[in-house]
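Structures are listed in the sections that come next.
Common to both upcoming complexes is chain A, partnered first by chain B, then by chain C.
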Partner chain A sequence: MTPSHTYEVFLKADGKSEFRHVGALGAADNEMALMLARECYCRRGEGEQIWVVRRDDIAIADSAVTEPNRHKGHRQNDGKLVAEHRRQLREGS
Partner chain B sequence: MRTWTDLDDFQDFLDAGGMVEADDDMPEEYRSEVFRFIEFHANSELMGGLTERDWIPHAPGLRLKQIFLAKTQDEIGHAHLLYMVAADMAVKTRDEMIDDLLAGKSRFHNVFHYRAETWADQIAIAFLVDAAAFASQRAVFAKCTYGPYKRILRRIVGEEGFHMRHGEEMLLKMASGSQVQRDLFQAALERWWWPAVQLFGPDSPPDDPLLKWYVKSERNEVLRHAYVQKYVPLLHGYGFTVPDDGLHQDAESGEWIMSKIDWAPLKATLSNSGPDSERRLANAVRNHAESAWFRESIGVSA
Partner chain C sequence: MSHPSLMSPGVQEFVLAFADDEHFVGSHLAWWIGVAPFLEEDLSLCSIAQDELGHAIALYELLTDDVDQFALRRDAAEYRSCSFAEVAMPKWEDTLVRHWLYDIAEDIRWNALVDSTADGVPAVAQRALSEERFHRTHSTLLLQRSLTGSSDAKDRLVSAMELLLPQSMTMWSPVAGEAEAVATGVTAMTSAKAADMYVDAVRADLGSWNVSLSWEPQTAPEGDRLDRVDGFGEFQASLNLVLDLDPNAEW
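== the complex of A and B ==
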């Protein structure tokens, strides 16, 4: 028997929306995975296009990899200091 | 992958609105309880879908046959999604879950342990049982801390909404039809009212871990009470009688108060010894054997 693979399924609605992950399924090959994706995740036309990707082919980075970039405040600016200055100017103080 | 030092640490994470993902090192207590809950839901969708299927040939007219075909595909689809999510919790494989179900070792919703006797029963199921399942699933979706389950519940709840609306439309036609049709539905209501009310389960225990972990967002008795408040007036409005001699409206609050619920029938279904459990399981076993050639041909296991 052909081995079954786990596929992750992504759908893109029409228009400008991005592909979104909707779930997973088991299938023997890409063609079967696309057909099952249509019948499992797209029965009411939820997507205009489908991607299926073998789970084994996905490279994964967890929080150990993303952690360093969670502490780089210098890449953001909440604008509070300037907003406060402008507010004071408006109120004439 | 996230880890927690102990159950208190994990509880703090959940209290702060945390969402658990499949690859997290979640506490074993959480993993096994949530897994059991999802497996129960998956089994129920599969057993429900199989009975819907049995009624497709009996559905009166092409539109209703199409509706029941679509509904069957939805229910089997829900089972599929739920088995995927449950299998990813690495407690049992999908095949083990199916094997346990077919061997009578697992549980599924009480309502699928009764026999639908006439077409009106299917309408009662769509109107009453789907609505009860919808209310209970929506309450899980509301807060659900297990991410993969919450994401597929959004879809399941959406589709159950279609089933409920089909159910009430079918009921409307029966209620505005002939006396024979009204009598058929009244008889079906007498068979399905109590199982539908019991679907919510007995009152939640004070320390229900599924409530503490925000898998359930509401206590069983609260959901059941809200359901009764909504469905008693609806049924009365269509001209039917709720089969409960003790049912009355509280003079002050206006709330509908039911007779005391006899939980023995629910308990029987939980050990797979309900009125129709044996036949339903035998049907599921036969269906599984008859469809083996298809699974083999597309290369998926058991």
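== the complex of A and C ==
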């Protein structure tokens, strides 16, 4: 058999739900990957649609790219900071 | 048979032959869980095995109220499976070739039952066909890819084909009840006609893969379904291994 590639598998359950990553598998090509994904990840009808994506084709950003944005609390828009600020003003602290 | 089936004994025998084939092919495929060449194939083959066992159960349910007893604990002489379905195939290449050939035959057999006059049979056939097209995809894709691998892989597969193609014709060995099944519209064709379609389909696949081998199809042997292969007793015993721990247990 021709060399195997690693594929990431995504399923879309139904309706408006989004595709979700469910696992990975090895396959020789796209056609085999879809067939194996059906049997390995969808044999109980877990998905209505299947995507398979070769892992080699995925563009990857490492943690150095995302790290700075983990410390920008001011970008949180859940209102907690404003609420705390107003509480402090009310209480004159 | 304990089921008050409305089918005549001849038609029951015809349905039984297909059910027993499905049962044993499914059981043999399930054996590969954990030992297939790669993990994805462990799962895929066993998923297909479950489908085949499901088809067997659906047919057995047309014949009996006690499927487990009927499927697993009959006397050997009461089975009507063909030798191609019964024989153990511990070599991967043999299993893959049987998977391919059996699913070609299944497609023909189920299609012949879609408009069956026997109660319950058309619904089972429709459901089975909706699954079988994926079995065909699985076997042909895997075989096609394997044939384009190393020369050793191709040699082993072609050898397996040359070994198993003659034996595969036992799938078309008729039971005594076939004539009645054809006459009453239970099936749309004789096994001889189905065998011709099978040979054409096999040759079409071989041609598309550029595989040339020596095979002169013979007429299906009479009486194959009345005999059991060597090792059948051990195989049936293995299917009963857990049941025999406590035959009176309720599951």
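Quick note on the criterion: the second predicted complex is superposed on the first by the 76 of 93 C-alpha atoms of A that agree within 3 Å, B and C clash if a C-alpha of one lies under 4 Å from a C-alpha of the other, contacts with A are read in each partner's own complex, and residues count from 1 in each chain.
Throughout what follows, a residue touches a chain if its C-beta (ideal position, glycine included) is under 8 Å from a C-beta of that chain, and two chains touch if they have at least 3 such contacts.
Keep in mind it's a predicted model, so treat the numbers as computed, not measured.
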{"item": "Side-by-side fit of chain B and chain C on chain A, or clash", "value": "clash"}
{"item": "Partner chain(s) touched by A:Ser63 [first = chain B, second = chain C, both, neither]", "value": "first"}
{"item": "Chain B versus chain C as contact partner of A:Glu31, first or second or both or neither", "value": "second"}
{"item": "Partner chain(s) touched by A:Arg43 [first = chain B, second = chain C, both, neither]", "value": "both"}
{"item": "Partner chain in contact with A:Gly23 - chain B first, chain C second, else both or neither", "value": "first"}
{"item": "Partner chain(s) touched by A:Asn77 [first = chain B, second = chain C, both, neither]", "value": "neither"}
{"item": "Chain B and chain C contact sites that coincide on chain A, given as residue numbers", "value": "1-2, 4, 25-29, 32, 39-40, 43"}
{"item": "Residues of chain B defined as touching chain A within the complex", "value": "1-2, 23, 70, 73-74, 77, 80-81, 84, 88, 94, 151-152, 155, 296, 298-301"}
{"item": "Chain A residues within the chain C interface of the complex", "value": "1-2, 4, 25-29, 31-32, 35-36, 38-40, 43"}
{"item": "Chain C residues within the chain A interface of the complex", "value": "38-41, 43-44, 47-48, 50, 134, 137-138, 141-142, 145-146, 148-149, 153"}
{"item": "Footprint of chain B on chain A - complex, ascending", "value": "1-4, 22-29, 32, 39-41, 43, 62-63"}
